[in-house]
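What follows is a group of structures, each given as structure tokens.
Each of the two complexes below includes subunit A, the first together with subunit B, the second together with subunit C.
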Partner chain A sequence: MNSVLEVENVTRSFAVRGQDGKPKQVQALRGVTLAVGANESVGIAGESGCGKSTLAKIMLGLDTPTSGEVRMDGAVLTGGSTRAFAREVQPIFQDPLGSLNPRRTVEQNVRLPLDAMRIGTPKERAARALDLMSKVGLPERYRHTYPSQLSGGQAQRVAIARALTPQPRVLVCDEPTSALDTSVQAQILNLLLAMRPETGISLVFITHDLIVLERMCERVVVMYLGEVVETGPTTEVLATPRHPYTRMLWRSSLTPDPGAELPPAELGNAITPDPANIPSGCAFRTRCRHATDLCNAEAPAPQQFGNVTVACHYAAA
Partner chain B sequence: MANPSDRAGNPTLSPRQLMVMRAVGHRGFIIGAFVTALYVFMAVAAPLIAPFDPLDQNLLAKLAPPVWQDGGSWQHPLGTDSVGRDYLSRLIFGARISIMIGFFAALVSAIVGTSIGLLGGYFGGRVDAVVMYIVNVKLAMPGLLVALALVSAFGSSFVTLVIILSLLFWDRYAIVVRTLSQQFRNQDFVLAARAAGASTARILFRELLPNLMNAVIVVLTLEMALAIVIEAALSFLGLGVRPPNPSWGLMISEGRQYMFFRPHLVIAPGVAILGLVIAINVLGDGFRDIAAPEDRR
Partner chain C sequence: MSQPLRMSGVSIDLKLTGGRVAVVRDVDLSVGAGEIVCLVGESGSGKTITALAAVRLLPRVAGMRSRSVVIDGTETRDITDKAFGALLGDRVSIVFQNPMSSLNPVLTIGEQLCEAYLTHKRGSRAEAEVRAIDLLERVGVSAAADRMRQFPHQLSGGLRQRVMIALAFMCEPALVIGDEPTTALDVTMQAQTLRLLKDLARDTGIGLLLITHDLGVVSRMADRVVVMYAGRVVEEGTCEEIFAHPIHPYTRGLVDCAPAHASNGGFLSIPGEVPALTATPVGCDFRSRCPSAHADCHREPPIREEGARRWRCVMDRKTAQAAPTPASAALEAEG
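Presenting the complex of A and B:
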């Protein structure tokens, strides 16, 4: 498959001050490579602090990687203007109301990318905004209302319409449904799915909701402490997770299964390592029950298992 | 998240409509607005409502008593001053000077302080360090003394007075706006604007600033009240508005020597200042109450 958006060996570290006041380096991303194909939907999963939000910011051009680059159709975007990113990659945020300017009307919010990048005449911008509002299921009478007058689901529709106005190639959705009522989540996911055939858009989902991964994403990328530990087609990775971290992640998620007990709290018990002080060898070894001397000594190289790539010494098992 | 508009299928009231409703129900705001409006009307319509020219001297009728004292007449309800100018007319025209100087000083300082605070709050880091340094220098200066020195050095035309008073007041805007922009700069809608390709100027002035305007207006009212008091003080000390212009502070100063047998020469302008300052303060407090930020959920 030909890739649209490519992330090549991206690292990102932040200089912070620890609680003892000493400066230290937090490594949020440690060499992440991934590609998003045309009209493909990719899910990025992992615990909080694994770097998925930093990765999203870098894909949107809101943050600059310490090293590595982001390419669009082979052309390097990193180091260029934010505007180059803005034409191709647009965000959907977790908190829909927080992602809309409370002081601007729905139409002004939807038009923002067109106004900011001066695409088309003001008349064309208004027409495009109205067109997209109707496509995401917002009646025209909402045009002059303010975000505070909308429900969460409606606000997320506005955010989706806004993201689509500049006709981007990729949408980066950071937990797009986790702040919404359960009854609205499906509507928003269906709306995103319905946009795909018409626009040919690629989707990147940052989520830890397995349902979202399963329904929305053809491919899944599992991240741990700033690295990709397992990636492959969603069905395969969900059915037979090869990395112990993926297994833990899947097992610890709650499913609406009547009579089922709470999942074992394996991930909760183990202490997440300090991202400023990442363990030697395999980063996951401190929490892995299969860890051996080899894991202490050597970082595992990614191995190929059919369509699935896993970074674990014992992945074959 | 539950919102009645989902069921009704129609939008609820807009933030502006809600604000008007809150304003109507807020007694302090209504009273403050009413009294301030009276003063503004007095200032604007001064030539129409004042019975005499405030500068016209009539030495034959100097120090005429007010209407409630022996010998007072309705021709000069508040009597006349030491050179025979109609005191009521001077009081009415005095509203012009107080309001103009107060408003423009507050406005100029608002523009300066808001810009500085916005830059420091949004950019953070070194820009913010410079901004905070300037603010700290300002806070360490004995403001009124510096103002007195500047007025005596540069004279006291309307423009220099406004500029010097603005130099006294910009710091509060800077601090308030800086704190608010720090809160706003990492909100998703600012990130969304950046991701939409918006320029920094656009983010600062079109995205952030409208969200800060309510706070700026509240500070503006308080600073305007303060500016009016300081203008009166400067004029009282002879460093503000020049005679024969009718400034309330100047009128108190001129009436001082007669205050034991014509106390109203001091009391009337004093009450005028007090009323205006209280009204503006009450108005500002009321505005703070009713201007609930639209993102308050």
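Presenting the complex of A and C:
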């Protein structure tokens, strides 16, 4: 498959001050490689601190990797090419109201990317904005409404319309429905699903919710402490999760299932280590029930199982 | 053992610049000893403010009317704030969503855990410490004795929430209220924290009122479910009944759109949005989103009862369950 957006061996570290006041390095990404194909939907899953939002920022060109490359159609993203890059990759963020300009109307917010990139005449921009507003289910009467007058679901529709205006090829959605109510979440997810065949757009869907990811994405990337621990076709990975972390995440996802029990307490330790002080060997070993001396000593190399790649010493077992 | 909570006829309004807005209307809610009750609803449905009203933590702009609020056998409607404060600290604990804003940043974990115990004269300082360490260990805090000397900022979010849970159980209350206690946690931590809460409630016979919007959580935790919509209770029943045989169209829609496992296909949703509380329609609040709405729905719907099951709809059980759900109606409309 042709890749549209590629991330190769990307690392990103931040200098922070620890509790003792001494400077230290947080390694948010530790060598992440990932390719998004045309019209593909890739889900990135992991808990807070796994680096998924840092990865999103890097994919959007909003942050620069410490090392490694981001490529669009094979062309490397550099400081000078961010504007062209922005046209191809557009964001949808978690906080729908916070991501809109409160002093501009809905229509002005939606056409902002066109105005900023000077695409088309003002008349064409207005027409495109209205067209997209209707596509995302915002009637024309919302044209002159301000974001503060919108509900969370409506604001997220505005954000989606805005992201689509420059006809991007990739949409990077960072927890797009976590702030919404269940009944509204479904509306927004359906909207994202519905526009895929029409626009041929690729989705990068960042979430902690594997139940949503299961339906949204053909491929899943599970991240833990800045590394990809398991990746492959969603159905295969979730049918038989090979990495103990994927298993833990999957079994902790609570579907509405009365009578079903909560996952057992001995599923594993739920406490993520300090990202400024990542364990030696396998980073997951401090939470893993199966960890051995080998896991303490050596970081597991990714192994291939059909279409699935897993970084665990005992993935075959 | 008396019932930890029984409130009836509770109405709350907020004084806003545009006038008074009714946010909770005529709500009855009870929690039995050892029972886990989930109060479910979307944002703005009034679930949090109902629970806050039970413990008199309403904001200044709120006005409350009630027929009765009984906490652990004591009618509190007419007692003074001071007397209520003493009862509250002793008999009711609350776990909020954000542990950082509920813990005192300048006191150690140990001081905070012991303070509640000592204030309510449960025993000596030494006894308080023993109990605190025991509870911390039970909620899975490792090296509990060391943690007692630490400050909240030295703990991770998940650990802080565990400390909050230990704190809630410190004085052996009759009722614990959890307001989205695990919503801010990662899924693995959420699952474990819920298990701790459930085990503690079961072991101690404490009533647990859990406020949440997450039906996945509800299905694994609740004995009984109370569904709120636009400030009113629209349905109430046992967990099994609510999930397997929901009656009210809103409950049926909610159950439909809670995502279950499926590898493809769209998500079911309830079309439309919750009405603004400043503009609730006359009659049934849900009628603008209900596929079965008709002329009768412009009048106040009756409250129907069958044993412990209650719902607020013009339709009886049979008619309601035979009607299309909001989600299925939306699918048909899309073709």
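One rule holds for everything that comes next: the second predicted complex is superposed on the first by the 307 of 317 C-alpha atoms of A that agree within 3 Å, B and C clash if a C-alpha of one lies under 4 Å from a C-alpha of the other, contacts with A are read in each partner's own complex, and residues count from 1 in each chain.
Keep in mind that, in the parts below, a residue touches a chain if its C-beta (ideal position, glycine included) is under 8 Å from a C-beta of that chain, and two chains touch if they have at least 3 such contacts.
Please read all numbers here as calculations on a predicted model, not as lab measurements.
Applying the stated contact rule after C-alpha superposition, one finds that A:43 touches neither subunit B nor subunit C. Using the contact criterion defined above for the overlaid structures, shared-chain residue A:208 touches subunit C, although it does not reach subunit B.
When the shared chain is aligned, no partner comes close enough to touch A:51: not subunit B, not subunit C. By the document's definition of touching, of the two partners only subunit B reaches A:85; subunit C does not.
Touch criterion met: A:151 reaches subunit B and subunit C at once.
Of the two partner chains placed by the overlay, subunit B and subunit C both lie in contact with A:181. Touch criterion met: A:260 reaches subunit C, while subunit B stays clear of it. When the two complexes are overlaid on their common chain A, residue A:104 makes contact with subunit B while staying clear of subunit C. In the superposition on chain A, the residues of subunit A touched by subunit B in one structure and by subunit C in the other are 151-154, 181, 184. Remark: subunit A residues 57, 60-62, 82-83, 85-87, 89-91, 93-95, 97-104, 112-113, 116-117, 139, 141-142, 144-154, 159, 162, 166, 180-181, 184 touch subunit B in the complex. Those residues of subunit A that touch subunit C in the shared complex are 19, 47-48, 151-154, 181-187, 189-190, 193-194, 208-212, 214-215, 234-235, 238, 248-249, 251-265, 267-268, 270-272.
Those residues of subunit C that touch subunit A in the shared complex are 42-43, 140, 154, 156-159, 186-192, 194-196, 198, 213-222, 239-240, 242-244, 253-255, 257-271, 273-274.
Partner subunit A is touched in their complex by these residues of subunit B: 1-3, 5-6, 9-15, 187-189, 191-199, 202, 207, 210-211, 293-295, 297.
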